[in-house]
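Worksheet: the structure to be examined is printed underneath.
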Amino acid sequence: MGDNIEVFQQLFTPSVQHTLDLVGIFFFAISGALLAVRKNFDVFGIAVLAEVTALGGGLFRDLVIGAVPPAAFTDLGYFLTPLLAALLVFFLHPEVERIQLGVNVFDAAGLGLFCVAGTTKAYEYGLGLTASVTLGLATAVGGGVLRDVLANEVPSLLRWDRDLYAVPALVGASTVVLCIHYDALNPATSTLAALAAFALRLLAMRYHWRAPRAWHRRSTAAEVPD
Amino acid sequence: MGDNIEVFQQLFTPSVQHTLDLVGIFFFAISGALLAVRKNFDVFGIAVLAEVTALGGGLFRDLVIGAVPPAAFTDLGYFLTPLLAALLVFFLHPEVERIQLGVNVFDAAGLGLFCVAGTTKAYEYGLGLTASVTLGLATAVGGGVLRDVLANEVPSLLRWDRDLYAVPALVGASTVVLCIHYDALNPATSTLAALAAFALRLLAMRYHWRAPRAWHRRSTAAEVPD
Amino acid sequence: MGDNIEVFQQLFTPSVQHTLDLVGIFFFAISGALLAVRKNFDVFGIAVLAEVTALGGGLFRDLVIGAVPPAAFTDLGYFLTPLLAALLVFFLHPEVERIQLGVNVFDAAGLGLFCVAGTTKAYEYGLGLTASVTLGLATAVGGGVLRDVLANEVPSLLRWDRDLYAVPALVGASTVVLCIHYDALNPATSTLAALAAFALRLLAMRYHWRAPRAWHRRSTAAEVPD
């Protein structure tokens, strides 16, 4: 696996990869900060929800693969970027809400970047192909789940009345693993995997693609979570 | 402790232990998938809740004892079994609901198996007797708590109006630790501990055994969680 | 850093530090147990919420810095103290509620002790100054967040209509890190940092200091959580 690690580390130059990470972190943090404003949290709550949304998925991945202390606590840029997003939303949230479409587009970009980076890092740490896909997915969607749990809402990831979110990340992570399996992971294929997840998420939002609920579900409106 | 480990590893043949683990995982996953259907989640939400319910307790235990990557991410069978349960519930949930009694019986079996396996593994990793009991308990009930948190419900484990669930697991875990203390842990006593937890849970369901609430509680219906 | 560790370990004699830890754990556990009584949980739910509130923050810190098994599972006193608090609340909760002011004062003391101890331990394990402050804060407030999540409530930490809680802990943790930076951390400055957090929290409760919500927030009563 030593060779693989070497190849992976050259996927992108470190500074390019780091910049991409910060971009993804920033837009995830925006989505956390906006939910905090909607929930009427104070400035500190806005900062906490921004941090958790942006770093929660990667933190979970790092604990699982034993990469401690996690990157969220060793890279100052990872920590400060969500604070910047929180500050922006604190002062300008009506303006940020107004460009919700733009935020969603960048959140989709974050989803694409994180599922690829998470899958690659999990494989580098010795996990199998299936486990790497699972952790790539968890890296991409974990922060959003923690955000919703802290805001005391049913995770939007699990709700049937939301556009597909996990499936695009799953496709991106699976593409990475297929490339690894066929020894074809390189900057070009990595970028392709991230773009595939990005594009799928945009299409899901545009055409309101949704996943089916259980078959033969009886109508039970009373059971629908608020 | 080296001797102990050797003894423990021979408790059951690996394949027997593995089969028992998969059986417990399967029935825990069924309970997660059924709650997801009741909460109106989509097919992906059903799969996530099945995975979390089945593997969450063991994942927490493995992170605490430093067994990374956790078994949930290294054993493909552990990962695929909940998906099978989710698929079954997705297509046949009315039939599965109808045999709820049977599901509860098997969930009780999972509880017995997990509290024994969790306690044994924690002790193998060098934890003290009390800590091993605590982690055995957490292994058995942790997945269910995570399931309820993700579904945005008060964990059924904590509610006074549910039949005893933790106490049977506590009895099973304590039995294991007593056997360790008196150097009497072997396949027979392990099986006995699991059966004790299993039987206690069945009795608690049959006779609606419940734990008391705080003494002299004033009647405050308004404070009762939904 | 070796020198630093030696200095830190002499901050207080081990038995003094341990006693302070147990005092903080006890009062955090009381706050968890009282919420459990209010939520109508049974005796087991009271014990779980006491344990989680008292040990959750330190557990998270230990997992992040790789100190496994975490202190919560290796020190019997850490485990038994919350049970004692739970027992007390179980039998005497009307009396404990009546002295809520006293409980809040001691919870504030716990906050001061935990933010200092958490920051120091994180730095000892090699984290940077900013990350140490973050983990000190997480040690102090993490248990309360977990308590509220398990009780299915919006974490009181994040709500704008609660008196400042995180800011005092942040001040305490930052003071520790400033002392480290200027090579001035000793028992006296540590005590000062803990006292500063303690006093700030008392003042915040006395004068109902609160953090601002987002600027130009439109009135949207319907969106206010419960």
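In order of appearance the chains are A, B and C, and numbering begins at 1 in each one.
Rule of thumb we're sticking to: a contact is a pair of C-beta atoms (placed from the backbone, for glycine too) under 8 Å apart; a residue touches a chain by one contact, two chains touch by 3 or more.
Computed from a predicted model, the values in this text were never measured in an experiment.
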Q | For chain A and chain C, chains touching each | A | B
(Q) What's the rotation angle, in degrees and to the nearest 5, for a C-alpha fit of chain A onto chain B? (A) 120
Q.
If I list every residue number at the interface of chain B and chain C, are over half of them used by both copies, so same, or under half, so different?
A. different
(Q) Rounded to a whole Å, what is the gap between the Cα centroids of chain B and chain C? (A) 29
Q: Please list all residues of chain B that touch 2 or more other chains.
A: 63, 66, 149, 152
Q. Inside the complex, what are the residues of chain C that reach chain B?
A. 36-46, 48-49, 59, 63, 68-70, 73-74, 76, 79, 89-91, 93-94, 149-152
(Q) If we count contacts the way the header does, which residues on chain B are in touch with chain C in the complex? (A) 63-66, 125-128, 130-131, 134-135, 145, 149, 152-155, 157-160, 166-167, 210-218, 220, 223-225
